[in-house]
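Common to both upcoming complexes is subunit A, partnered first by subunit B, then by subunit C.
Now for the complex of A and B:
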């Protein structure tokens, strides 16, 4: 029959998929398993089963402090990146509103492909010249830059499904530019904006590279705390925190997927 | 309600001239259809009336007032878009409330009363709390119409209002539109590429081609005496034959002549499909020709024939029961006045 795959090819394909799946998920599974260990060392397979390391981390002020820092940083990043990225997506959408549109589009999306280290070094030099050294402001700026492409992508994807005639219609009905934006265009894009906010939050929360370069000496985020923990006291508590990060990311992906209804946004 | 006037309108998009010197007068309360193939500038003309586009040259007047420099939000026009442009995040009632909110200081209950009246007008009294995407295409179309009318605009602009409906619904909505215009006799300008729609609905039609007006007038007059072969062809199913005329005779491509009224010279002879018939024995026609059938298509109530006569190809309808087959010779005829020179 035309289009039907030979049996051997089907088996080979399934095996390959399985292999890729294992390759992708194995590190996560190892971390999750290690976090459930009852013993005192970060090993796989875990020695016994318990949730004691979750309780341990929960009671550790260093982790709690780092969590608050990461949360604050991520929220500030969202608060800046979402309006900025939404504005960028809106201006990219209108033909003729922006000269050299392709160039701008590339610019907004480039942090996705550029190495974060390069960005970090650049920002570090800038921060040293302008602000006398690494600072929280420089770190926020860096996070906004790496989070921006996600917002631009999600909002652009949703705006592509918005009928441009709705803006014209509102205009003919007497709506000012601000009324059209706030009552017609943005409400139709809100799923993309929300999805962009979730992704921006995760990008900031999970970042380890920029924060390593740009943090003030006293500032410690969750990824840094994990790294420090691994260096100085590699106990299953590190794995417990990591597992929480995995769960957070999984929830975020689930939420954006629901919001966007299968639109291709990342990649 | 108001008369509309456009004088010396030119619209350029970069190097492209979309509208190239149009003068259009629409009297108060008239229904005018702008007809033409896509790209003829008709939609651009409509958008300039609404203010969504600004003319490169010329003046636009609505109700005697020069509105050329006014943005759309400060003109009082109702615009129904081809896509309907209903706001998908709002209920039908909220969609209808929008224009009232923008322009008038009505109380909530006054707004509600108007919304109810507008929905009654388009015979959809019960859909206020639904979202547009929960309605059928025909219902969405009516809601869009109600939204364009609710603020009592000076002019109603319709951009391909029926093109998104299937054929059966389109016929139904044509009748509804006529009925609605009887109740709300507002100056209306409609853009359509569908000549039947224009002929059926409008008081006047304006046939456009390449940014200019080719001909305007009542549907009957333009259909009966098209000014150019383009208009004849666009308005429907005309046979066009290049002829040279001398002494009351038109010489067809193969040298045959038929009597015709008109000045000598090279012309396009127009014969409407409905004016050609197969000559029955004992009932001679004013003008007759021998023709050979080259194709016959069954159309249910009639046969669509394509014949060769006088070195030209002609199309027309014939009764099914004649049993005309391909290759057969027939005599075809028409009344002398039906053959027009363009």
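Now for the complex of A and C:
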């Protein structure tokens, strides 16, 4: 750019980046630090350093059971939301091909901004009236709804960087609709589909709102256990589990960034 | 556009539309039905306003609504005031930094809300570092804490929502034609003048989009206000939970949901109608 940036502006920017960085990461760092405590109480800074709370949690069947439940839910959500979201993204790809395109796009993406509590109440009402009470199926349905927009976005973002003429070329060469889909479009969208799967997994695994409304009495997930721990007095074990979730989020952020190469899909 | 293209697009959209119709649109319709009709049966004879009159007559519910709106406004304003300069700074940062900065924004966003709230409870609590520091400076007494206050809720919510604001702004600011800024500088504008007279007006769609997004997400959020605010500072979302789960009063839960839904739509719809969701704004 022509002209220098004033020194004061540069200093202000650096300061701002530093402060906001601390602000954004401090709550996560505090949880991670508290999980390393050797003492029996949750305090910050931690008393002494040990990994005993990780061993404690690892050996606690309630946590292990909750982890399996969360994992199962997240995998089912991925298995449903990824094909649905990919197909939805492909349907929106060609302007003019889909009548009322704007309406469908709004439908696919609106779960991002409409309050999850409203969806939760609605699913609870439906499940109680139609199925006699909240069930795992209702919870899966809710997770699919909130995960779907992420898949639509990641696939759309990746396909936006692809020349649609390749699809036409395949058609001219005599490829059937199925061949174009399986041999041209889906391979082109591969990175977006994978990133969508990671985000759908995280959205389901991290959810605490829908599960609070729709929990069957026996269903307990990891976020629900943390939530219950926080309502009373959390021990460093809760911090240890929470730290695992932070690490999971870090892996997800890193992997999606690799897959999408900086394309923006969240926010 | 050939006919087969249309068939193909319709076939691809159909599963998503059907599933969302069944488990997204239908549940919302059920909430609306319970909000206006006895037992959720939509007929004129079953029209029922008793829960609505409770909502508007009872100070408890008015308190929920005002607190929710106040939090929405405060958090949106704070996210904008911090987020705008931050977006400018990230946009100006060298490429390698930029990646790391965006990752730092995404990490809190991808971390479970219970974990983030947990961190804030420790930081804002009576024995947390901030309060201890304020106490050492003799600025506050021993009972002071930020957890279980509205300020505490707002602080914790800004952390989650700042990324939404900044990423929306970055999307718009990043697309501003650099030559316009160069032209302004060549014509003698200083750096600050170029920022105020070129960048700011051109990034207006990002400011509106980010604010709408942050407001909508804030008024609908549940976990952070419940955990940081505790039982004494309920918001609409926690009122909905109390009515539905603790009191088993579906009509009251539905009425509060409709109110919340209406607040979100009033902010969102005008915006969604004037912008193309595909580029920028809500859909980014």
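What we mean here is this: the second predicted complex is superposed on the first by the 260 of 267 C-alpha atoms of A that agree within 3 Å, B and C clash if a C-alpha of one lies under 4 Å from a C-alpha of the other, contacts with A are read in each partner's own complex, and residues count from 1 in each chain.
To be clear about the criterion, a contact is a pair of C-beta atoms (placed from the backbone, for glycine too) under 8 Å apart; a residue touches a chain by one contact, two chains touch by 3 or more.
Keep in mind the model is a prediction, meaning the values are calculated, not measured.
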item	value
Touching partner for A:201 - first (subunit B), second (subunit C), both, neither	neither
Partner chain in contact with A:188 - subunit B first, subunit C second, else both or neither	first
First (subunit B), second (subunit C), both or neither touched by A:176	first
First, second, both or neither for A:90, with subunit B first and subunit C second	second
Subunit B versus subunit C as contact partner of A:212, first or second or both or neither	second
Touched partner set for A:168, first subunit B, second subunit C, both or neither	first
Subunit A: partner with more touched residues, subunit B or subunit C	C
Set intersection of subunit A contacts, subunit C complex versus subunit B complex	none
Subunit C - residues contacting subunit A, complex	1, 4-6, 8-13, 15-17, 19-20, 22-31, 34, 40, 82, 85-86, 88-90, 92-93, 99, 101-123, 127-129, 156, 159, 162-168, 170-171, 178, 181-182, 185-186, 190-192, 213, 216-217, 219-223, 227, 237, 240-241, 244-245, 250, 253-254, 257, 260-261, 264, 268, 272, 276-278, 282-284
Touching residues on subunit B, where the partner in the complex is subunit A	50-52, 71-75, 77-79, 81-83, 85-89, 98-99, 102-103, 147, 151
Interfacial residue positions of subunit A with respect to subunit C in the complex	1-6, 9, 12-14, 16-17, 20-21, 23-31, 34, 42-44, 80, 83-85, 87-88, 90-94, 96-99, 102, 104-109, 111-119, 121-126, 129, 141-142, 144-145, 148, 153, 156, 177, 202, 205-209, 212-213, 223, 226-227, 230-231, 234, 238-239, 242, 245-246, 249-250, 252-254, 257, 262, 264-267
Interface residues, subunit A side, partner subunit B - complex	163, 165-166, 168-176, 179, 183-184, 187-188, 190
